[in-house]
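Note that the chains take the letters A, B, C and D in the order they are written out, and that residue 1 is the start of every chain.
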Amino acid sequence: MDLDFTPAELAFRDEVRAFFAKTVPAEWLTRVRAGLRLEPAELIAYQKALAAKGWGAPTWPVEYGGPGWTPAQNYIFESESARAGAPIQFHQGLELIGPIIFTYGSQELKDRYLPGIINADDWWCQGYSEPGAGSDLASLRTTAVRDGDHYVLNGQKMWTSYAQVASHMFVLARTSQEPKRQQGISLLLVDMKTPGIAIRKIETMDEKYTTNEVFLDDVRVPVTNLVGTEGKGWEYGKVLLDRERMVCSATAIHLPQVLDGVRDAARARKIGGVPLIETPAFAAQLAQLEIEAMALETMVLRLLADLASGADSGPRGSMVKLRWSDLYQRATALWMDALGPEAAHFRALEGEGPADMPYGMQGALYSRVTSIYGGSSEIQHNIIARRALGL
Amino acid sequence: MDLDFTPAELAFRDEVRAFFAKTVPAEWLTRVRAGLRLEPAELIAYQKALAAKGWGAPTWPVEYGGPGWTPAQNYIFESESARAGAPIQFHQGLELIGPIIFTYGSQELKDRYLPGIINADDWWCQGYSEPGAGSDLASLRTTAVRDGDHYVLNGQKMWTSYAQVASHMFVLARTSQEPKRQQGISLLLVDMKTPGIAIRKIETMDEKYTTNEVFLDDVRVPVTNLVGTEGKGWEYGKVLLDRERMVCSATAIHLPQVLDGVRDAARARKIGGVPLIETPAFAAQLAQLEIEAMALETMVLRLLADLASGADSGPRGSMVKLRWSDLYQRATALWMDALGPEAAHFRALEGEGPADMPYGMQGALYSRVTSIYGGSSEIQHNIIARRALGL
Amino acid sequence: MNFEYSDEQRMLADSANRLGADLWPSSDRLKLLERFDDLTARTAAQMAELGWLMLPIAEDDGGLGGSAVDVMAIMEGVGRHLIPTSYVANAVLVPALVSGDPAAADLLAAIGEGSAKAAAGLLEPDGGYDLGWVECAATGSGTEWTLTGEKLHVEDGADADWFVVTAKTDAGISLFLVRADAPGLTVSRFRAIDQHRHARLKLDGVTAVLIGEAGAALPKVELAVDKAICAHLAEAVGSMEAALAATLDYLRTRKQFGVAIGSFQSLQHRAVDMGIALEEARSMSYRATLSLGLPAAERRRVVSAAKARVGQCGLYVGRQAVQLHGGVGFSDELIISHHLKRQMMLDCAYGSVEHHVARFVAPQVLGA
Amino acid sequence: MNFEYSDEQRMLADSANRLGADLWPSSDRLKLLERFDDLTARTAAQMAELGWLMLPIAEDDGGLGGSAVDVMAIMEGVGRHLIPTSYVANAVLVPALVSGDPAAADLLAAIGEGSAKAAAGLLEPDGGYDLGWVECAATGSGTEWTLTGEKLHVEDGADADWFVVTAKTDAGISLFLVRADAPGLTVSRFRAIDQHRHARLKLDGVTAVLIGEAGAALPKVELAVDKAICAHLAEAVGSMEAALAATLDYLRTRKQFGVAIGSFQSLQHRAVDMGIALEEARSMSYRATLSLGLPAAERRRVVSAAKARVGQCGLYVGRQAVQLHGGVGFSDELIISHHLKRQMMLDCAYGSVEHHVARFVAPQVLGA
């Protein structure tokens, strides 16, 4: 048992560190620290820089363009990324549909779509949730009816993040009605330029435009864009849900960025002339979060070590998701405390002062969705109770 | 809307205060502050002193020996009791079986038993729970079979507090088997000297002897000791459960005693030469508890005001029980922190040093049962969800 | 001991609910916010018409001399319907600050009839929420004063015509009245996440009128802010009540896995904890409001306890309301997220939980 | 990076589990406690026989030089079976304190073969858990020293033949060896709620032997206590694991309202939170144990973080195990309440959560 890196891993760390030192612009830092996503154009530029280095798809197998890293290398990559204030890679192509395409897709689909994901030429969005099918995805109602060489899609998708900038969407739709609700669902790849697709912005409480309703009205998709076997989409979907949780390990590794943000805000603010960070009550609250973040980081290390040894991580991914969203919410709430009365100065009504956007405040708003998306905290509890505890 | 007492209430307060000043021995204080029960002999002496003053049954109607107080007077009585470091009256006779007897019992039962409760000539214990019937009381299996002028009881009761000192027990037993499990249950009053009753001590984690298993083996009870109607005992039982929760309002009013204990312990202990109570982290934790205790006290005041105006308090009693047990547990945990390394000195191995029993420590142990007894916190949540929220 | 509204207070509560239901129906919040200026103007006009603006002003100041419980009756409705109004700063805080000084008579008359708005600048950079931390300097004498300094945050101050601010004279902390258009005054204006509009002031030799006695302002400021806090507590309670009701409604009607989600025990228990939080908050709101007349040390202790606990309970209820609604709770298209945002800002306004826990511990340390 | 036991460590873990299952079966705890003296003597004898007492002693001191992970493998079993042993104080803490000094060679030999027991007196009245708060005075020189003062608490010290204590010489904090029967030494003995037996010392001109260099003891004391803490962390993890397993068992088999109580969602979710707490605690136990070799400031930070978090998680698991068991959880007749009591005392031992959060914030303030 040890926590040490091998000499080769240490050399790799230096290489990664050097790469980030020259790749990450300083102006990303404030937003990244608040746990906020960068603008699509920035994320695309970042992804292209990674791809140019051969690091575009850190978790993919070599044959599909991955670097062939060990879990330890993946950890080093993510922790150096966090250390440098780099963002988390946009994951819907890389971690959600990409792995499904290379696992279940035809050679044609692999050739067509995998390079575009790595090079950020394509931007993918996810068409899963529906107004009546959130946590209970199996009750989805969007239909895909075969008509010659096409499927014709009709229905309505919800919570489709970045549909407004995406070039492609992967969609779960019903290709037949079966008694068991999980059957008869297929996975289709859709070009967002196809006629019949309409988007309605969903206003969210963080005042950022990220998510949408997507209306599908006789949208014709070539049958060659079916992934895997017709009617088996649910199984691929479940794999997706699993990977969506795995992504949280990377997210968890970036948690110290948020704590850095809190710390800086508390250094900047004075109370009675004393920096907030030096007041015992605040220091104890921050310490509690740092301690829990250390526990989370170590849970992730153990998860990655299990991955390396081929052990089943089971619902430990769900545990990481739960702990991370809780800590992120509490950290941004503490950040908001650190802003003091200025937390109320969200937008300047005239002009553009430097204080027109306290990012910690926006992080505090955004954080509320992290215990809802990707399987809510309640669903994660159900999953762990069933899978790990046998209840 | 006001928080003021009337001049008559203020005069009453002075009278109560004077009474407690001469009735409460100083040596009770340490245990009472830790939320621990006094010894039976002490409780009996206290009850006799109250009865002599005419205050033996503060919540009872005048016709049965109560003082006829308003809810405000009851509040004043309890808060002065708490202020003086007096104990809570032992409630199983006063608050559990007494009100049932005067509500549902025959004149004979009233004449025989009510005075003994007020004057502490009798000590009552409760024979409700069974090994297989804890929260789910309706599944009880003790039987009472009619045989001439007697019922013959057979079965096993559990968690019967103070059975070892009680003169009488009130028992729920099945007098007939009905399809609906709540039916066919009767309430019987049993003299503990009746042959066939055996007691087994249950060891509990606080190392205090309070509770027992009670074995009933052909125990013959006169049919005149049936309360109300045969087979209707469940309904009376439910009233009991409700009153058991109401008792918690009085208990909640005594919470400041526990906080006084914490405060004194934290004043006595020094860290780095500074009294613990002056360290910001401890002060903030104690303040948080004091603030929540103030909220609880105000909830109780509103509950009593509702009682006075005849409004239905509904599940607010359950809320008080929940909040009180949580605060009592947290307060004694903080007290244990205040004891520091000496929390480990629970019993002197030889001799009797002054430090042979840190009461705060024993309170911390005892407190764990308060979220289990009288309807566990989980059951209280179920009750509130159903009754108050309609879920 | 009595926790019932009087008949008059019940009428106030009813009319607050009516105003809220008329002008700020919860069903289409986003559409309403697009007409923000129009609706807030109509809200203010109706408040003036109903006499609410006059209500908290003392009779000796020409007002109606309403009680803190009267204000509570209005504010619960304001919270229930999330009415974004500057009522507390303008009609509760400022009249309490300037009460009794003839120099403020015109201002109070204008506030009472709704022809002018005022707000109070009491916080400074580096002072946290400490009302006694005043570095803004006042020089002059009699009716001629000049102020120089900074006010970090003026709650609901973006649209104020007048500011009441603290500044230090040789005698100590004092109150001054400043016109929003006074030369030397720079007002920066901000919108918060709950649509309230605040200000930050820079004062560079601004002409001001002394209010009350020089050097004796702090006790009055503390009391006035405690009154404002109590009004906010009632607003928080109203908002919690509405958020809980909407959540219970959602739990009963929203189906997942073929059943109403309110049948899931873990969600039921969460709703129960929200219900208890509401009961606690309501209890503390009553307690603090009914304690405003106590001696200063005891009043501060109770008000700070209530501010801290209502803040905690309000955030809990707001967050859980969003959580139990799932994705639609995070969207701004339901009223739910707006309740959470208001709770977040109510928690900040006039001092965070931390600040008030500290003030609860040592009321003697902070202020007279 | 690797979190697996070696084959040797797996064997240690297995033999700890065997010893626990043999001597301290969970099914009849109360009966076992009636035979406490007999069973603890047999436990100690078996530990000596298995070489465990020798294991943590450095090779240069004549021991086996086992690693902290070796100790962890044993201690998880100790916690799982709630073995009430003074192993940590006697075989981990004291050998680390006296390591390298020939004056302690006899003591270490006796500890290693099980013929004597030792414990460490490091805490004083008014000092909290601060190891640097030493008022006990040492006068003398060379091999002749006399101690006067008080040690508030000696963990697992009731049955010790030797005490290692801190005292202040002119050079500063130093370590001394004292015989339990030394003239002038008063030992008060106490039993804790978890059956561990502790001591309090009064020293009145007690003859003592200096260990190590005078004035240079604190860094060594801090390191030795950190090692003891890590052993306790592993014990806490073992105990949490057993308490959770027993609770899951109970949830699956206990019926109320006609169904297994484990089918109630609120209890399921609680069990999940217990499971997560166990994962966190295990992670922190590994992390701290593997960090014992880091530079002092970093080591202290990690060990304190782990001590604080494992304390919180252990109390949570212990309390919820009792709660989910209901009445029988509160009785002492099941093992459950005993796990909670051990978690409560593990949280106190070598510093509470509060103490270690403070030490985490400012490692540079406390100690060298």
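Brief remarks follow.
One rule holds in what follows: contacts are C-beta pairs under 8 Å (C-beta built on N, C-alpha and C of every residue); 3 or more make two chains touch, one makes a residue touch a chain.
Being a predicted model, the structure only gives us computed values, none of them experimental.
Judged by contacting C-beta pairs, the busier of the interfaces A-C and B-C is A-C. Farthest chain from chain D, judged by C-alpha centroids: C. Centres computed as Cα averages put chain A at a distance of 38 Å from chain C. Each chain gets one centre point, the mean of its Cα atoms, and the points for chain B and chain C are 42 Å apart.
Taking each chain's centre as the mean of its C-alpha atoms, chain A lies 52 Å from chain B. The multi-chain contact residues of chain B, meaning those touching 2 or more other chains, are 281, 284, 378, 381. Of all residues in chain C, those that touch two or more other chains are 264-266, 268-269, 357-358. For chain A in complex with chain C, the residues that touch the partner chain are 129, 132, 134-136, 139, 158-159, 202-205, 207, 269-273, 276, 281-282, 329, 333, 336-337, 340-350, 353, 355-356, 361, 364-365, 368-369, 371-373, 376-378, 381. Contact residues of chain C toward chain B in the complex are 1-6, 9, 69, 248, 251-252, 262-263, 265, 268-269, 271-273, 275-276, 279-280, 283-284, 286-287, 289-291, 302, 305, 308-309, 357-358, 360-361.
Listed in rising order, the residues of chain A touching chain B in the complex are 279-281, 284. Taken together, the chain A residues at the contact with chain D in this complex read 1-5, 72, 75, 283-284, 287-288, 290-292, 294-296, 298-299, 301-302, 304-305, 309, 316, 319, 322-323, 378, 381-382, 384-385, 388-391.
Chain D meets chain B in the complex at residues 30, 123, 125-130, 133, 152-153, 155, 158, 188-193, 196-198, 200, 255-258, 264, 266-267, 315, 319, 322-323, 326-327, 329-333, 337-338, 340-341, 344-345, 348-349, 352, 354, 357-358.
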